[in-house]
Amino acid sequence: MLNDIWVLMVEKGWTLALLRGAGVTILIGVLGVVIGLASAIPLAILRWRRLPVLSQLVDAYSIVIRGVPGLLVIYLLFFGSVDWVQKIASAFGYADSAENAYPFIVGIIAIAAISCAYSVEVIRGALQAVPVGLLEAARSLSLSPRLTFFRVTLPLALRLALGGINNVWQMTIKDTSLVSVVGMQELMRTAAVAAGITRSPLLFYCLAAAMFFAMTAVSQILFNRAEKYFNRGFSRR
Amino acid sequence: DDGVLRVGTEGDAPQFSMADANGNVTGFDADIANGICAELKVKCKFVVQTFSSLVPSMDKDRFDIIISGLGITDERMKKIDYSIPYATTPQYFVVPKDSPLVGLKSLAEIEKALAGKTIGVVNGTTYAKFIKKHIPTADLKTYDATTQQNSDLGTGRLDAAFGDSPTWVDFLGSPDGANFARIDVKVTGADDHEALGYGMGVGLRKSNTELKAKLDAALCEMINNGKVKAASENWFKDDYTIPCKK
Amino acid sequence: MSPVLKVHELRKAFGATSVLSGVSFQMRQGEVISLVGSSGSGKSTALRCINFLETPSSGEIEVMGDAISVVQNERHETEIVNAANIRVFRRRIGMVFQSFNLWPHRTVLGNVTEALIYVLRKDKREAEETALSALSKVGMADFSHRYPSQLSGGQQQRVAIARILAMRPKLMLFDEPTSALDPELVGEVLKVIRTLAGEGATILLVTHEMRFAREVSNRMIFLHKGIVEQDAVPEELFCNPASEAVNRFLSSVISTAA
Amino acid sequence: MSPVLKVHELRKAFGATSVLSGVSFQMRQGEVISLVGSSGSGKSTALRCINFLETPSSGEIEVMGDAISVVQNERHETEIVNAANIRVFRRRIGMVFQSFNLWPHRTVLGNVTEALIYVLRKDKREAEETALSALSKVGMADFSHRYPSQLSGGQQQRVAIARILAMRPKLMLFDEPTSALDPELVGEVLKVIRTLAGEGATILLVTHEMRFAREVSNRMIFLHKGIVEQDAVPEELFCNPASEAVNRFLSSVISTAA
Amino acid sequence: MDLSIITYAVPFLLVGAKTTLLIALFGVGLGLPFGILVATARTSQVATIRRCADFYCAVFRGTPMLVQIFVIYYGLAQIGFIRHNAILWWLIGDSLHAAVLAVILNTGAYTAEIFRTALLSLPRGLIEAAEACGMSPWVIFQRIKFPLALRQALPSYSTEVAVIVKESSLASTITVLEITGYAKRLMSETFAIMEIFVITAVFYLVINVACLTALNVIERRLSFEPRYAR
């Protein structure tokens, strides 16, 4: 039994393959969340300020992206655009690099688009929960709207949004498995291939799960630190 | 073109298409692909992707052909073209060793005996359609992988499973399969072409007649010179070649 | 000299309930005016309308020569004329809120320096010096590194006052600045306000402490059900109430004091 | 008769800063006591320790015969003896907070009926009647369907008072119950407190309005830096201050009043 | 697109939609109270309770749902004791039951995180006001903490509901024939991958738009603050 595992993991090189997959997962997950969050903040503001039309558009975007399976998002993004991207790239003589880089780019865009839709709701909810009086105080001191936002609203909202952002991150790191449909070998896909051909599904899936767990355990430490930081000044309960 | 034939394959189907830790593909499908490339004097480049993205990817020219044990059916031919069939595996039912069903002698008897029972098949095949049609009262379970199906056989969630013979040779030979036996009634495409199709073929984009002609010729050559048989016997311990009609 | 603040026919309704029904008054530089009146008479709302934290339903407000007016257009929508002046107003006006509104995520010092650094563009050192001197005026310099949640009610109120003192705005609005303070501190705040007025600041304050109002203000405005019932020097108001409402209000002061 | 409230050697420190350094006093039934003292002297903390919203560092509190004491065990941990009594205490004690703490998701009526229904187990109709009668005592019956965010400061304070009136607890703690009220309403609250005391309730209140304290209370306790400096009938306190601190505090009352 | 595929696929997917809805219903109906329970456990004063709840959340949020559902359905079934215990086998022996269980356990962990932050951010004074009235912890929770936390958590929780609906598709990997289960079957039958994918997605979209709109309406109903600062 142990001998079999040794052969699989070391001699057949699956450990390395899983680690490579984990690398892809982390890269796409982190980029996806960071880009998603960065773009979610302005969108959430539009929604929070209830700007006509724009706020409805944000709403529609967030409902549709949250509503359809992630797989479709990436399918449509990729298969809907790969034709003309390929054509344009060929016209400029970059056919090969487009062929290789495009799935990666689309993967990140799709993951970012999904995590953005989730983050919009989280941040909007947090913005709405910031007590009005605190913003009025800033306004009456004639802090500019931009400063009011960055010095008062955002720090207070981030404290409320932290748990939600953590949830989005944990979902996104696992949503990265979607990029396998455009041919990228991330962690889950590597585990699935290994499970299929070595006939040890539980072993490989649990290994993948353990790796995910390790990633989120590390991120949890960071989130705990952030929570402590944002909660300074607030009485505990 | 430019000397490379891009081949889409699943990579996680035991014996058929197995991508190892370094991404190299081996198995029956790989042998067929390499054989074709050799005939056409081009280099094979494997693209390993999940089953559900193979067809759309080929549509978008991510690769030229799919070799992933695809069964040819009329239904599927509406979406993609096929080469000539090059192999077909017979299908069997597997039940617990102590089941009275083990001794059944014909498909008709099996159909009657399994009415209302729980039967497992694997997704990506056409077996679900076959069971639905022939044993409509059965409680049909579809699995993403044979290992999962076999696990449910082992825990007693399934009364029977339906699959192709390479799978069963593999399973019944393993310790997990010790308590199971296959019903010795060979089910083939000939029993029901509509549901079970016409054997395995290479998939390619619609109306690519030029490539289809080349593939057909290459496959025919490989069938006739025994390369397919050799591959089949290497991976399945049996010869499942379909003779070339031409 | 042109007035520092001119409020003209200020009206405000929340939905169907009318809170201010045409309030007008003026303030000259260096003047201290107390806005008094019973609970719910619209005092806080009036202050909040002056710096447009609340948008009036109609009326005109002029601060140091710049005006913003609010009109109802033909489709019954509220329209702000010269809305760009709102920022200008807020730079000139400081406000202490009835509920303090200290920022919970910033220390006492941070609460005071924030606007100094980001509005007056002082550098950090200078801002902290200014802040500490403002804090010591209200006896809160020792608490500069506490967070608001670690302060008593009166201490929070004093920080809120210091936050405005440090900014030295031309016009200051105080909404019940002594509600949580003990008599000793009320005396201190009285002194601070007098000094500010002496230095040229114009101060409009809401208060329930009639003695305090009498002491501190040049004029008192009595608000009743959203209308100015009396606008007079304190002596006049106390000795010569203009209406039954003012009379009743003041008599209860005297009876409680008795 | 045994005392309704007995506070013995109450101490409280936040981290290194000691806020209460051994406070002791007793209250008999029907007594009204005013707790006075300068801002930050520990008045609110004392009230909050009595119903254990804040856990004292040490000391004993006895309410109507039941006691809870807090001791430091040998490992310097705070240990509450008879912690089960906390719920008992809170049922007997009502509290009006300095910052009102109205529940924003409930209407005025809901804020008052909540505890009637879920603590006193009245049915809804009865609770609403009781609530409305309490609200009308403070002049807030007309606002019963508003949400707290739609009320003025004084109106919120009156709802907070009504919330406790409706419960009719044996012992009431008021933390600056008139800070946001106009003189007229202060007079009303004075009457309400007198009536309550006449009906047998025991009332401990924190206030900065010395005249109000003098009017309403049987005894006044002067707190200074966490220590009881004087505990006497009002006349005695005003005419015969026990220490320099009391004297200074009172003299500023008189000078502001002048 | 081939119209005949739509007419062929839709009836199957409709049958699957019933199962999807069933799983989602249990996921929300049982997962929400369970998640809130875990959230309160995570804010508990008792360290052991808090740590257990934290650990549960870390595991179920930190690992892919696919693995969870696999371990529950295939993994646990390997254990003889579970197979021979009638109650446990009822729970995981049947693929639908196992799927519902997995969905509840998974959403419970995420829901707990959402409500934990909401509970922690409640203004302390509001809870003290309730305590001072002598309300029991349960009443405080039910009447004050929960309604206030819910209002704050709703935007995040609505996302979680959409996630439940979508993650229920993983039930197809343990043979449950919900929307995705049928879709997989149809795809391998017809190879009309894109077409069936799009139809399937429309099904999920319709369900989720209904859910999200309903939650938006609830959110607006519950909001008590008529004015928001702009």
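Brief remarks on what is shown
Order as written gives the chain letters A, B, C, D and E; numbering starts at 1 within each chain.
The rule is short, and it goes like this: contacts are C-beta pairs under 8 Å (C-beta built on N, C-alpha and C of every residue); 3 or more make two chains touch, one makes a residue touch a chain.
Model, not experiment: these values are computed from the prediction.
The set of chains touching subunit A and also touching subunit C is empty. Using the mean of the Cα atoms as each chain's centre, the chain most removed from subunit A is D.
In terms of their C-alpha centroids, the spacing between subunit B and subunit D amounts to 82 Å. If each chain is reduced to the centroid of its CA atoms, subunit C and subunit D end up 29 Å from each other. Averaged C-alpha coordinates put the centre of subunit C at 50 Å from the centre of subunit E. In whole angstrom, the spacing between the mean C-alpha positions of subunit B and subunit C is 83. Among the residues of subunit E, those touching two or more other chains are numbered 74, 194, 197, 225, 227. Shared contact sites, meaning residues of subunit C that touch two or more other chains, fall at 99, 150.
In subunit A, the residues that touch at least two other chains are 75, 79, 136, 139, 159, 201, 235. Contact annotation for chain pairs lists A-B, A-C, A-E, B-E, C-D, D-E, with touch applied as defined. Listed in rising order, the residues of subunit A touching subunit B in the complex are 12-14, 16-17, 75, 79, 82-83, 86, 180-183, 185, 189, 192-197, 199, 201.
Partner subunit A is touched in their complex by these residues of subunit B: 11-14, 18-23, 47-50, 52-53, 56-57, 59-62, 145, 147-148. Residue ranges on subunit A touching subunit C, taken from their complex, read 133-134, 136-144, 147, 151-152, 155-156, 159, 230, 232-235. By the touch criterion given at the top, residues 51, 53, 87, 90-91, 93-95, 97, 99, 101-107, 114-115, 118-119, 147-150, 163, 167 of subunit C touch subunit A in their complex. Subunit B makes touch with subunit E in their complex at residues 51-53, 55-56, 59, 73, 75-76, 78-80, 120, 123-126, 128-129, 141-144, 148, 151-152, 155-157.
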